[in-house]
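You will see two complexes here that share subunit A, one where it goes with subunit B and one where it goes with subunit C.
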Partner chain A sequence: MILAVAFLNYSFAAEAITAVEIVGKANQASYYQAEDGKAEVRMVITDSLGRTRERVMVILRKDASEGDQQKYYVYFNKPSDVKGMTYLVWKKPGADDDRWMYLPALDLVRRIAAGDKRSSFVGSNFAYEDISGRGTEEDEHTLLGEEEGQYKIKSVPKNPGSVEFSYFLIWVDKVTFMPKKAELYDKSGNLYKILEALEIKEVQGFPTVTKMKATDLVSGGNTVSEFSNIEYDIGLDEKIFTERSLRRPPRKYIKG
Partner chain B sequence: MKIKEVLGKISFTTTLAMMIFFVPAVGLAEKLPRLHGFMEHAGSARFGSDDVRHRQFNLGESRLQLKTDYYFSGDNILSDWQTGIEAKVDLTLDYYDAGKVLTDIRELNVSFTPMDIIDIKAGRQVLTWGTGDYLFLNDLFPKDYVSFFIGRDDEYLKKPNDALRVMMYPDWFNIDCALVPFFEPNTMPTGHRVSYFDTFTGGISGVNAERDIVEPSKTAKNFTYAGRIYRNFGSYETAMYYYGGFDPAPRSYKNEVGRQLYHERLDAYGGSVRGPFFGGIGNAEISYYYSPEDKDGNIRTIQNSMIKYLAGYEKDMGGDLTLAAQYYLEETLDYDNYRKALLPADYRWDEFRHVVTARITKLFANQTVRVSLFSFFSPNDLDAYLRPSLVRKVTDAWTLSVGANLPWGKDSWTEFGSVQKNKNVYVRLRYSF
Partner chain C sequence: MFKKIIEFSVNKPKIIMAIVIAMVVLSVAQFPGIKIDTDPENMLSEKEFVRIFHHEVKREFGLYDYIVLGIVNEAHQDGVFNPETLEKVHRITEEIKKIEGVIAYELMSPSTKDDIEQGGIGTVRFKWLMDRPPYSFEAARKIRERAMENPMFYGTIVSEDGKAVAVYVPIKAKNLSYKISGEIKKITGAITGDEEYYIAGLPVAEDTFGFEMFKQMAISAPLAMLIIFVLMLGFFKNVRLVTAPLMLAGATVLIAMGALMAAGQTVHIMSSMIPIFLMPIAVLDSVHILSEFFDKYRETHDRKKAILVTVEDLFKPMLFTSLTTTAGFLSLAFTPIPPVQVFGIFIAVGVMMAWVLTMTFIPAVISLMSKESLKDFGIKKEMSAGLMDRFLVSLGRFSVYRWKAILIAALAVVAISGYGITKININDNPVKWFTPGHEIRIADEVLNEHFGGTYTAYLVMEAENKKEEIFKTPEMLRYVESLQDHLKSLRQVGKTTSLADVTKKVYYELLGGDKKNDIIPATKQAIAQCLISFQNSHKPDDLWHFTTPDYSKVNIWVQLKSGDNVDMSMVRDEVARYLQNNPPPREIKTNWAGLTYINVVWQSRMVGGMLKSFMGSFIIVFFMMTFLFRSPLKGLVSMIPLTVTILFIYSLLGFTGRNYDMPVAILSALTLGLSVDFAIHFLQRSREIYSEFGSWKLTAQKMFQEPGRAILRNALIISIGFLPLLAAPLMPYKTVGVFMFLIMLVSSVATLVLLPAIITGLEKPFFKGGRN
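Here is the complex of A and B:
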């Protein structure tokens, strides 16, 4: 009897992980590791003719003590015409993010209308959502099966008018819950964009994507992002994520 | 053998030279701050029949901007205070003025944090606050409207100040104070490069404009003080502003016969709010301009007090398309007194001046092309100003900008009507490093 219950429990535990739970855990693993973090990001954007552009920035992140809200601070190092530009995002899943940008040459703090999370992040093949995460509640998730130690999930947007894809497929590692790959399909059902985690390393015990790639199959361009000098739980002060730091970057974390 | 000896000597000398020069040079290069900036060539074609120095163009220049910064490190107080030095200088070869070379120090300041909640920045710096887009109410820091009208980059609309800026960040609100010892006026059209309506000649004037602008003397009683108290309430940014100094544009008459204008004293008190509004960003700002030299508005040669109102809205439409609109109202106070004080030959300004603006911006080709149109229109003055532009980031380093400045007015004495002869098309090619 006891054995039967234990067995039932076991099989329940093994099978009952739902697609929503997997996506939720994948979201946590990708965007919410530790309480805060810092990374240097180098993006190389390559167009269909092989011409490249480079973006280099430092990103600081701090999670709210409760809930899914996060604050991001970005300091641009390259290209040189935007060096010193800073960017602040208060991310609010389920609502519009608050975004500010600081232009040092004008001493101007601009408020940025945050409507379209699908628009390109700094001209790369990544969308804003690819960088800061997409709310798990925005799609219906279906577990299609398992492939090579990964869950394969199909996600269909609840509000199709708000996005350019009709659905996407996502492969999530069964052990670490790191998303390994995503394929986006357009309104006619054709694959048009691939996101891949090219390299995952363990940093302070957290599995972390250190290299990822977005490929645009329509334009033929791609963007490779490399993350370096990653640190977690560095005790970032809440006050860093304010207008003060837009004007006066926290030098302790930003070099160059 | 000889060759070997020579080679040996060369390699010895080279090694020595490297040790003497190169090694310390590397050490120095690591310590020396890096140099950034750009090289830009800019030119414009103008369509005017006025009498400025060159009718065919009002912009022709090669500009080198160099900027650097340095932050102290190590175990000392300068490092503890996160002390930094910023410098930015523009060297311009100006073809408009027969190849004159101009040096413009745009930034030269030191910043430090002597206490956890205090940042100080002293020296030459650009100061900006307020919520308007090309419309300034509480931002009474100096502007260069000549650069604006002839097609220079937006950076040059703002002139630097020599200022002491103290920013305080206690828990409940933030305080931002600026002391500007020597008043810096706006750069306004003088007829040399940009023609304008001159009340003394009674028409749009170029080099024939005759006026003498008297600036406040450089004394302690003429210091300019500006302050802002601000804080966020959730997603909403609120601010209160103060300015005590002089009108940055010379709008009052010192001596009409002598054709002398001057910057009358001006105190401004204002407030603003900005935050999410109907799926976009809304902003509202108000400013009361108090004219202490003409308190009741009955001195016809001095500007009256005013109230300025602004409401704006911006929305991201998706697909890298952004739309924005603003409504701006200027109300002259004590208007009856002003009207009664006027002489028969004087120009009479309206009690209310309304301006609406619209900005459309669309990005193309992975955000490497930005097409934008900014337009001003005043329904009571019946004047307008269109600023279309196209900016192409050819590579990370090369930027090509083309655009136009198209002011228009039914009359020649209104804000944009005054500069209507300066319609131009400009091109700028910039290499950033």
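Here is the complex of A and C:
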């Protein structure tokens, strides 16, 4: 029996692709298409009572010329009383991200302390990490098998104290390497959160998630994000991704 | 017709026995279908506005009923803020989350709360207050520091003196409180150390009370029965005969409870008191019969004849005492409180049942007894008969000859009682249904000393114009803030928390943590941006405990240090006055929710309803008396002992400062029903005897023989029989015990002293045309 399992594991390894490779490719496919990109995002947050809230924002992204570092710039259009609010994220896989926010009504730039990336993204059911991606090196990945043309992978955090889940399962398309679904399990092993790619479209030749959903099984709420006006390789200026432009948003890109 | 039935009972006692046994069996067969309801919220109809609103508020703001677990460390110099205690807090929290019926997600504990703090220059940080136990004293002190900086924590989950933390355990249903608090005790019981653990909160108090109420019923009722048995044995010296009233009382209680369950009614804490109310009433009737029979049998030594004469003599007064008691309880059916209605109706059923059984079952038992077993009955003088007879004779003389002095004394008593009644304090608090020293009372005291208060009420404000998001405007938040300031100035309020506090906390932390910025931001945009920043935390949904996503409503959490209804009422009135004097900048509606407030609503219903039903039954009893005695004057006179009794007993509440609460309120019906009994017996027998002798003096002499003995025996049996209730750990039982004692004492004195005095004064008009 033990031998058979060992052999099975070996055969997967021999099959040319490992769980780590799949996760790596999935990460590239979801967060690193092209050199830069822009999208308009409409988030609808629905709570367990069916009450909804809306967030509309523009997200700009630029990858570093080398390595996995990325920079994100987020500009809020709605709700109207937070219009002009901006976020800046310097994503540094393997280290703590740098995050800033700007609140126009307070005319205040604040850094958000490094550390916990599991907090909510502006009240939605997405965690910060769900938006900008979780470093693939933070978990141990195991390929559990294949289901309907998707790899099924179990990822267990290397530092369990830093997250609220004990592990998550992720389904990755075998062809496009787009992650289709993730299930998060809490410390007692109960499923508590589901992330799903509801719609994937090809944009400028890149398979791109245009609609995704986060469902919180504990609170009973969910958030649906729709991406539109997606553009890749638009040659975003490095200057956009600086503290300075938090206060002075790049007019050219942020008009919804 | 009635005579025939009684003759039938005497002649065919076995059939009567069979019928009674069948009824009891049928009733007991209903018991497995028992539905128990210990929730005082059900004192109000489900359609009651405040209940609907309360549940709406709970749903809308994601609120639950909470069990409050207090963990106190007085021994350590840092209080609970040392690594060891905090580790326990963390562990206990995790364990509690696993208990079935606990809503783990909404559990409030230092280890489940997210905090916003300074993370270096120009940096804010969203961080769990204590996602893992601290390893050093310094880290523990840091947690304390942060907790004291956050208005959502101090006074609520950490005490401001640092000696206690509270874990708020939200539960799926209130009636799980007792069970869940038991499981929490198991968890804390397994932990050693300097910490002490206390469980408080209204749901636990209410559910525990319901549980103990039923338990107490199982202890008190049999105990009272036993003492009554012993006393009766002392008077009547015949075990079999004395067993009859007890069997009768037992059958009455079982049949009434069976009927209640057969009718599909739930056994509410109120109805759990039916047995303790029915027993004295049932015993009272049969003691009258036995007492009379005892005396008659002495004369005739023919048990059938003696019982027939006895029943004939007592038929009318017994019918009327039963009818008046029934009227007293039936009037409760018109109170606006469903459990009280059920209580009243089924006691009324039981009272009539007791009457029917007294008229049939007791004669049947007596006729079933062999001559042998009655051999010595009535021959041997009873235990203290000589003493009692002598006492009664002198009492009779005193009442007749000193009538003027007695009337003056009675008037004085009434006047003083009237004054006492004006001093009655209408108040209730389910926690105080437990005797001082009960663990729930102790927990209540300890936790309310450390925290802002374990009694929660929710003050909800709702915009008339829902489109405007008014609770994002600085004007409205400042209004909420100033209302909170006013609330905090009240001695009853320990702490309030609202959207204004959340906004201010986020605002000054964003601005660098300087307390000078602990204010409401100046614009709607600034408020909106603070609140959206708050939602970057781990628990963004915490915001929706304070407002709705459309910002058309806010919920101000008001923590009260006491669950006394007077305190909650005072707070409510103060808020109403504040709103009146300080009109809000936008049009809003305000309403209260929360268990503490619901208790106020049902109590005010209860007091008003009880008063009305009491007045109603008082008038009904008066008409019944007038009808019975065919004279308004006699009707009026018959009301005097009960009026004096009620005034006297209730004035004691005023003088001693005891609260007029739920148990006291329902006892008014019993007081009325029981205290009129003696007067009816006395007047009816006086009339009969007078019609024989035509002289009040002779009548009075006779009255202080058999009838007087019956009254005195009854008074002694009931008043002493219910004294063990005083040892019960629940206040309502103590109250019933005290009331029974006082009702019997005062109404027997009023009947045996005051009535003869009045009759002496009114002899002529009273017995006008009375002689055959």
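The rule we apply is simple: the second predicted complex is superposed on the first by the 241 of 256 C-alpha atoms of A that agree within 3 Å, B and C clash if a C-alpha of one lies under 4 Å from a C-alpha of the other, contacts with A are read in each partner's own complex, and residues count from 1 in each chain.
We adopt the following convention: contacts are C-beta pairs under 8 Å (C-beta built on N, C-alpha and C of every residue); 3 or more make two chains touch, one makes a residue touch a chain.
The shown structure was predicted, so the numbers you read here are calculated from the model rather than taken from an experiment.
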Fit or clash between subunit C and subunit B when superposed on subunit A: clash
First, second, both or neither for A:21, with subunit B first and subunit C second: neither
A:218 touches, of subunit B and subunit C: first, second, both or neither? second
Touched partner set for A:251, first subunit B, second subunit C, both or neither: first
First (subunit B), second (subunit C), both or neither touched by A:79: both
First, second, both or neither for A:243, with subunit B first and subunit C second: first
Touching partner for A:51 - first (subunit B), second (subunit C), both, neither: both
Touching partner for A:101 - first (subunit B), second (subunit C), both, neither: second
Contacts of A:90 with subunit B and subunit C, given as first, second, both or neither: first
Contacts on subunit A seen with subunit B and repeated with subunit C across the two complexes: 47, 51, 53, 79, 81, 105-106, 108-109, 111-116, 118-120, 122-124, 219, 221
Complex contact set, residues of subunit C against subunit A: 59-60, 98, 105, 114, 119-120, 122-128, 132, 472, 507, 510-511, 521, 523-530, 532-533, 535-541, 543-544, 548-550
Of all residues in subunit A, those that touch subunit C in their complex: 47, 49, 51-53, 79, 81-82, 85, 101, 103-106, 108-116, 118-124, 128, 161, 164, 188, 218-219, 221
Residue numbers on subunit B that touch subunit A, as the complex places them: 36, 38, 71, 82, 84, 111, 113, 119, 125-128, 131, 154-155, 157-158, 167, 169, 174, 230, 232, 235, 237, 274-276, 279-281, 283, 314-320, 322, 366-368, 395-397, 399, 430, 432-433
Residue numbers on subunit A that touch subunit B, as the complex places them: 45, 47, 51, 53-54, 78-81, 83, 90, 96, 98, 105-109, 111-116, 118-120, 122-125, 219, 221, 239, 242-244, 247-248, 251
